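The structure follows.
When the chains are written out, they are named A, B and C in that same order, and each has its own residue count from 1.
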Amino acid sequence: MNSRTPSTLPALAGRRLDELRASAPLVQAITNTVVSTVTANSLLALGASPAMVDAPGEAGAFAPIADALLINLGTPQENTVAAMHEAAESAGRAGTPWVLDPVAVGALPLRTTAAGLLVAARPTVVRGNASEIIAVAGAGSGGRGTDSTATVADAEDAARELAVRTGGVVAVSGAVDLITDGTRTARVHNGHILLTRVTGGGCVLGAVMAAFTAGGGDPFEAVIAATVVYGLAAERAAALAPRPGSFSVALLDSLDAVTAGLVEQKAIIR
Amino acid sequence: MNSRTPSTLPALAGRRLDELRASAPLVQAITNTVVSTVTANSLLALGASPAMVDAPGEAGAFAPIADALLINLGTPQENTVAAMHEAAESAGRAGTPWVLDPVAVGALPLRTTAAGLLVAARPTVVRGNASEIIAVAGAGSGGRGTDSTATVADAEDAARELAVRTGGVVAVSGAVDLITDGTRTARVHNGHILLTRVTGGGCVLGAVMAAFTAGGGDPFEAVIAATVVYGLAAERAAALAPRPGSFSVALLDSLDAVTAGLVEQKAIIR
Amino acid sequence: MNSRTPSTLPALAGRRLDELRASAPLVQAITNTVVSTVTANSLLALGASPAMVDAPGEAGAFAPIADALLINLGTPQENTVAAMHEAAESAGRAGTPWVLDPVAVGALPLRTTAAGLLVAARPTVVRGNASEIIAVAGAGSGGRGTDSTATVADAEDAARELAVRTGGVVAVSGAVDLITDGTRTARVHNGHILLTRVTGGGCVLGAVMAAFTAGGGDPFEAVIAATVVYGLAAERAAALAPRPGSFSVALLDSLDAVTAGLVEQKAIIR
């Protein structure tokens, strides 16, 4: 951070958004089949460049070229899990920041095993709902599909412990999002309940986090910025479109429309 | 059905919609890659909770947790077909109701073999177009891709015979939808031709049927309710948006907007 | 071409659009998981009939039934690559025209190997951005993911050489699209920059080309017609919706709305 570093987190988040758009980071996404389209479209709308390189033999080769990597365990098949492990290892060696989204971990066997190995590879960020973070931290058995059966407050200790273990950032998504690096903790109050009425509401946030970590710098600040920008886009979308189909469309438009000025003005970080 | 059971099918369909939203059933979907996103979004818009658990080793483990299961043969790969068989067997043992959608069966070899085995596992509901139902019943060789080359009337005998064989319900989709349990037969006149201009127009109906069977009770009534609700949502969407892109968006909005009152008032069941 | 053949390329493109809608060609698409939904929806909106038959054992059996075939290398997995080879061979034997879209070839190993074999099978059309066409022609090492690092002009010689080698048509997508069969060359100026802000902006064009080649006749003219129609749909969509989410929706609507008259009037082909 140089001398022009904004003094507040909202101003910093706004500046990171401008930096993201100026650099158009290449974000490799190995994500689930249900949200791959909306993930790519969200990254494009935000100003990043998605690359859904998820085949074994290609995923590891691409991770050093990418500016950031997302690994999402939503629909793990044998081939994509192999691609995840090779990409995570390759990203680690190359210094490419990466985000792990352990969808429905704890409740289901394949992804739970895979998540354990991926956490050991020390992701830059782990993002999940409360049940998922508790399960990944080894403190519980997970939720019911993608629905969390725990609250964000329930997951706070697990999140801190997990952040210490990975040396990275852990984000717990919920009505209020909690972000911690084990030492510092922030709560972001932006967002909208309609995100729970569209598929990918949480998964896309993981991709947005990856895009924000691409710029380097402090990943704790990057994850806060991603959460604020995404939450504000959802707020803007919900104001335009109160039902889920048109909300999805407005959310993509809003990822394009949100500005650093809006972020600085409307971010609620505590 | 208790003493407050509505005396008409339209009123019953409306009540089932309210019950679905009150219970938010967890619907496991093993569906084709083209429609997985719109299927998840449609279930969310309707008020259900989708879980696209389609990996071998997870699909069978999840079926007893789910409130209903959809198996759609649209893009069968070796791994997802294995997941389908394990989920169907597990659902059968656990008493989880399940819907089979035999997309393009008859025309193509892998799915035709898979459909034969799945029908033998006695799905609660089989939903398809006329060509598909005729092919599954063993009375014909299928259509041309997802396009039916037969009429709903052509498939009526095959549908009844298939329902007797599975002990479940069979639904034939078309301009007018035919629903039978082998003894009773109903025709639903709701729907819109624009459903044939968007991908998943039929596949999503299979998922909606799964959500309605989740509540237990008579699956014949559940399938009628699902068909009416989906058809009315399509009618509402087409009135708002006469072209296919915006129709898709309006259809999701309409699955959220349709009410029990509208169902009771506008259902056409004969 | 009979005596009523229009004397100008714009008029010819308009007539081909009418012919496409009258025949509703069945287009088999083996495409990447990110764009499969929008590809199917775009074909439906245009007036074609999509069939995403991409399993080994089915893909080859379906290619002779289909009126045209698209093979897109965006997310190559072992099973889908096997399906591509079997479909290409089967299409070649049956005389089904087919389009190869070598997404990100050159930059990544699996798809580069696959593209080499597929080019040797002599696709009717190869469509890509400048980096991809240069890489497929063997003249360079590809771009950065799906982003071209070369200009259309850079790829002109490679495109001609590749067209001579395949005996087919090669299309280079960019701000201005170049289309060549090795002898004749045309440039289409229709289109919109928003196509680069939504996933599938280029991939869908490959599917539209496949639909236009289905009618038989001169594939050079078919590819020009496809490029003009798609470009004009994008222009119409951008005029209605200047942000990427609503642009995607308007693009589908516009593929339905564009008429032969509009094509004849607004096509810019040089």
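Here is the rule we use: a contact is a pair of C-beta atoms (placed from the backbone, for glycine too) under 8 Å apart; a residue touches a chain by one contact, two chains touch by 3 or more.
Bear in mind that the values here come from a model prediction, so they are computed numbers and not experimental data.
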**OP:** Tell me whether chain A and chain C, two copies of the same sequence, contact each other through the same residue numbers or different ones, using over half shared as the line for same.
**Re:** different
**OP:** Superimpose the Cα trace of chain B on the Cα trace of chain C, which carries the same sequence, then give the rotation angle to the nearest 5°.
**Re:** 120
Original post:
Roughly how far is chain A from chain C, going centre to centre by Cα mean, in whole Å?
Top reply: 33
**OP:** Name the residues of chain C that each touch 2 or more other chains.
**Re:** 33, 37, 248-249
**OP:** Using the touch definition up top, name the residues of chain B that touch chain A in the complex.
**Re:** 26, 33, 36-37, 40-41, 44-45, 49-55, 57-58, 61-62, 65, 79, 248-254, 256-257
**OP:** Write out the stretch or stretches of chain B touching chain C in their complex.
**Re:** 32-35, 37-38, 74-78, 104, 107-111, 144-147, 197-200, 243-246, 248-249
